[in-house]
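Quick heads-up: structures coming right below.
What follows is a pair of complexes built around chain A, which joins chain B in one and chain C in the other.
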Partner chain A sequence: METTSPVERLLRGIAITLVCLFFMFPIVWIVLMSFQTNETILRVPPSVIFVPTLENYTALITGKLETQAGTLDIDFMGNLWNSLFLSTTSVAIGLILGVPAAYAFARLKFRGSEDIAFTLLSFRFAPPLLVLLPLTIYFQQLGLANTYGGLIWVYQLIVLPLILWIVRGYFEDIPADIEYAYRIAGHDFWSTFRRIALPLAGPGIAAAGLLSFIFAWNNFVFALVLASADKQPVTVGALAFVTASGIQYGQVAAGIVLSIAPTFALALYAQRYLVEGLSLGAVKG
Partner chain B sequence: MTTAATDQPRRRRFRVSRRVLPYLLSLPALLTCIGILIPFLTAVIYSLQRYRLSQPWARQFNWGENYLNFFTDPAFWNTLKVSVTYAFLTVTVELLLGLGIALLLQKRTRTNNFISIMLLMPLMTAPALAALMWKLMTNPGFGILSYFATLLGIQDFNWASDPQTAMLTVVIVDVWVYTPFIMILLLAGLRSLPPQPFEAAALDGVPRWFVFWRITLPMLTPFLLTATLFRVIESIQQFDIIYAMTQGGPGDTLTVFQVEAYLNFFQSTNVGRSAALLMILWAITYVLSNIFIKNWLRLREKQRGNA
Partner chain C sequence: MTITLKNIRKAFKTNTVLEDVSLSVATGETLVLFGPSGAGKTVLLRLIAGVIEPDAGEIHVNGQNMAGVEPEDRGIGMAFQNFALFPHMDAFANIAAPLTARHQSKAVMKDTVEKVARLLKIDHVLHHKPKELSNGQKQRTALARALSAAPSILLLDDPLRNVDAKLRFEMRLELPRLLKDQNATVIYVTQDYKEAMALGHRIAVMNGHGIQQIGTPQDIYLSPANTDIARLFGDPVINLLDVVPERRDGRVVALISDTAIPLLDDYAPQIGQTCILGLRPEALRFVPEGTPGAIPVEVEAETPLNEKTVTLALTLRGREIMVSRPAGTPGPVSGRAYIAVDAASAILFDRASGRRIAPVHKIIRKEEVA
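For the complex of A and B:
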């Protein structure tokens, strides 16, 4: 198995290069596009040699887009802020509500616990529009349509099941004896949870938080259906931006780069948790 | 005497809270459950009604009519065909590609770990934004991929705007985004396999294709099954990539379940048909996800036993 011929090593090298090319090229190309003016983007044949410009980014940050027809106001920074606010708040609320619940599911077997857990998990795989379309009508009646509160509530549908199931697995892995020992030493339920269970499940909570942040950030359909322009996150905003800006491809590319940069940075920073979370706690070690 | 008096009420309070505590802690989960179940039941009712947003006065129960109409509705069969084709193509390619990459990166070396982290980047991209990226690259005017196509001698290759190649284009985007998911799951699976059978085979000089078919693949099957089921469930519901790329077009070439339901609801305001479509999609995913959850829990238990 260890003896590899030079031919085989060459083939392996070629295969890995091709794989990297396919998966990395789009990202590299869009980043390059974001530093180009429209003239250099529209050149035929395309070329990687150009004078980089920051004008796409300044246009997005100042919110003023120069077109032949005049200045166009764009609120891409607003979209970016919405993404940040919606994802952070949803994950924070999801963790506050979800971690104690995960502990209850893992430690205190009670009537109906398995049913609730299963219902939540099986709806994680249900078509989101099935829940969203009736919700649009309910939200209008409740006055929740196009509010941050309503969106954050709906985002819990993505965030909570993920947190519950990942964190529950980690709580179950902690030997119950450690907690009993601490309880017998005279500590109450709450401090056992805080001092023993929480720190031991730390990696799981981090993985769940990270993953649910990325899921919330990348979500498209919830906001498409329930939010109008001023509450839209980048995923929906970018699509509207393409239609509004017409042929300002450089700015579109810059917008995409700004929208994917946060999740990329998070993923690189916390890759270990990411891999653990992605395998759904199915494969640990 | 005094200790007994103070002990008694405290213990009772503890017992009561002990019974209520789990419910208190899981209340948010319970509320989410209810929050999902109410719209779900509403959707069931919608699907049994003749209900158009443009004609609210004509709203009434028609019971199974929305479903019965599907049998003679070519648009429905098209939706079913497109969805199944999409799910089949994406998952097959992703599985083969993901397995191949996982095998290439199996050894724990610095370079391999670095590459596997880099390959996760497409998965971190929002699918809707990934579709936009590919839209920019396949633009007939300046798209780099359109240019590559002309270099290969294919003139006027129109990617997503041509009914002939629209499916191909969205499948490529899906493969780009989700192959890393399968890769990372299979890589974790490969690296968790016990080394003894492989060492024994190496000692006996067993040919490597034989090792792959007879040892690696069978031992990897639970992981393959989990990954496949998970992806099929997601892929048959794909909305983001297709909607961002073509909104189901050109024509009805890409009207998969969720896109068709979305268009039914917001464009033709036919709530009844939209809900019935989603119920059928739900039934499909419900069966698949039950198999998946059982399979996944079994895998998880097994991993725990090994650890």
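For the complex of A and C:
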């Protein structure tokens, strides 16, 4: 390790603090807001000194939102459940479809394989709004509008390209000789895929799964247009707090805290895994 | 188990690697594929193993055409140059991989793995993952994996390439016995001519899309098919000198240092043609001045190697010539010296094609046999 002078360490400390403040402040502020009433939130000048209250959270969990105009029914816990169900199922289906496809793109060079892989990636380039309008019409005709199945299908647009491209890099990084060796040892194609390719690409598959879970969870616009209240995830559900009598900042904040908590926990838990996984895959693509 | 290749052709995109390669290996024979990198040795092994398919030609194992037979159904053991161990399995599981495919009982499997591990002296590291093994242990694990199911065909792709010199030397001594005990048909790939000569019953020299010569180690050393092969075998490399054979006093001779070197009379048809004379450094020896037929040279430098001393000398016309002698024997260090040449050991090559010119009498004898 190189030695650092005290001045250098001090400057570095200040820089790190600034960066942390910049990135963490919104989250900290939201957390603080979630423990306040609308009155303390909106007072001028704002202050971090207040009497904490849990009423935002109770409102969310009981589903009764007290406003000046009266009591509103909200289904935030339902939204949370929707988010969980939609994201988990989408990622599961994405993995079932994407991992074998990624293996095929990595190992079997067939006519047009590169073009197909690129087309799938290009789904990520197009702004979602571009496809939403025609999709809405088709979905209504097909009876897929406002169904979990339809939403999960659309979520594949987010999840599948991500899984495909991350996992493909991992499969390509496995020396072909290792798989050949297993084949020659007497194992067929499928058991080679299961016992060699899958475990060796494991970190990449996990990273891709986590990342696509976060992307699916954070999706807003697909669910906004294609789902009605009972199928909406939290990202859309938070809109319910924008009521006729004003924006319920406290509940919005509490809703955000609850909705980012799972992905936040997941990201914290799998942080090392994620960074390692993604950067490993990026070395050779 | 015999292996027969018929007119194999293999190209990757526009890059032709193998062109019209035919080869056969007898049961229990060790055939060494020898050649520089890029000669297609590894590709040939992979074709036999079945992990790639030939563009043309047939591969027969024990008379059965292997076209369309999956690698797992060919019953072959193979060791890879880069070991190709399964990184997520310990050494035991690696070695047991060919056995699990054959659905043997746990106890039989354990016995077999431990036996082969003891044989290769890796029984103490069976529960280590590949990354915890030294290079030598990895190499032995890879070899153990190839051997564990006692396959009747073994393909060894330069297994000693990535191990240190000491281990390579040990393994070169151990391997022939090990392979003999296996009683398998072996194809062994190497770039090391000493390894090729130590291990092979026969050597197939590969270069430029195909096999240039197949023969016993002696054959290839003493009668290389061309100057390339002559250069590849032997350290220090063979002396190759341009000469024009002529007749003097009724004998066929070549001139080096203005001195007539007698050649076999069978080279008479080459009189007047530019040829390359191949002289193995160890077939030359320093002799006292005045020895009949000795070539005068100027000694340039002397390099003592472990078991031999190599002297670089210049002929009177300034051509370099190397002489090798056992270490510890006396020899000139500088100045004028004299070299004697044994006519029988001299090899003559065609200047234009580089191909060895077979002495006439051998051809006649072959025709008589036929």
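Everything that follows uses one rule, which is that the second predicted complex is superposed on the first by the 257 of 285 C-alpha atoms of A that agree within 3 Å, B and C clash if a C-alpha of one lies under 4 Å from a C-alpha of the other, contacts with A are read in each partner's own complex, and residues count from 1 in each chain.
Operating definition for what follows: a residue touches a chain if its C-beta (ideal position, glycine included) is under 8 Å from a C-beta of that chain, and two chains touch if they have at least 3 such contacts.
The structure displayed is predicted, hence computed values, not measured ones.
**Q** Classify the contacts of A:A185 with the two partner chains as first (chain B alone), second (chain C alone), both, or neither.
**A** second
**Q** Report for A:A15: first if it touches chain B alone, second if chain C alone, otherwise both or neither.
**A** Once the two structures are laid over each other on A, A:A15 reaches chain B alone.
**Q** Between chain B (first) and chain C (second), which does A:S34 come into contact with in this model arrangement: first, second, both, or neither?
**A** A:S34: touches no partner chain.
**Q** Tell me which touches more residues of chain A here: chain C or chain B.
**A** B
**Q** Where does A:P175 make contact in the superposed view: on chain B (first), on chain C (second), on both, or on neither?
**A** In the superposition, A:P175 contacts chain C only.
**Q** Once the shared chain is lined up, is A:S90 touching chain B (first), chain C (second), both, or neither of them?
**A** Neither chain B nor chain C is touched by A:S90.
**Q** Determine, under the contact definition given at the top, whether A:P199 touches first (chain B), second (chain C), both, or neither.
**A** In the superposed model, A:P199 contacts chain C only, not chain B.
**Q** Once chain A of both complexes is superposed, is A:A104 in touch with chain B (first), chain C (second), both, or neither?
**A** A:A104: touches chain B, not chain C.
**Q** For chain A, give the residues common to its interface with chain B and its interface with chain C.
**A** Comparing the two interfaces on chain A, one with chain B and one with chain C, the shared residues are 189.
**Q** In their complex, what parts of chain C are in touch with chain A?
**A** Per the touch definition, chain C meets chain A at residues 46, 49-51, 70-72, 74-78, 80, 82, 84-88, 97-98, 100-102, 145, 149.
**Q** Which positions of chain A touch chain B when the two form their complex?
**A** Residues of chain A touching chain B: 1-2, 12, 15-16, 19-20, 22-24, 26-27, 29-30, 33, 41-46, 97-98, 100-101, 103-105, 108, 110, 113, 116-123, 125-135, 137-138, 153, 156-157, 160-161, 164, 169, 173, 189, 214, 217-221, 224-225, 234-236, 238-239, 242, 249, 252-253, 256, 259-260, 263-264, 266-268, 271, 274-275, 278-285.
**Q** So in the complex, the part of chain B that touches chain A is made up of which residues?
**A** Listed in rising order, the residues of chain B that touch chain A are 21-23, 25-30, 32-33, 35-40, 42-43, 46, 100-101, 104-105, 115, 117-130, 132-137, 139, 141-142, 144, 147, 176, 179-181, 184-185, 188-189, 192, 198, 201-202, 208, 211, 223, 226, 233-234, 237, 239-240, 243-244, 257-258, 261-262, 265, 271, 274-275, 278-279, 281-282, 285-286, 288-290, 292-293, 296, 299-300, 303-304, 307.
**Q** Per the contact definition, I'd like the list of chain A residues that touch chain C in the complex.
**A** Going by the criterion above, the answer is residues 175, 177-178, 180-189, 196, 199-200.
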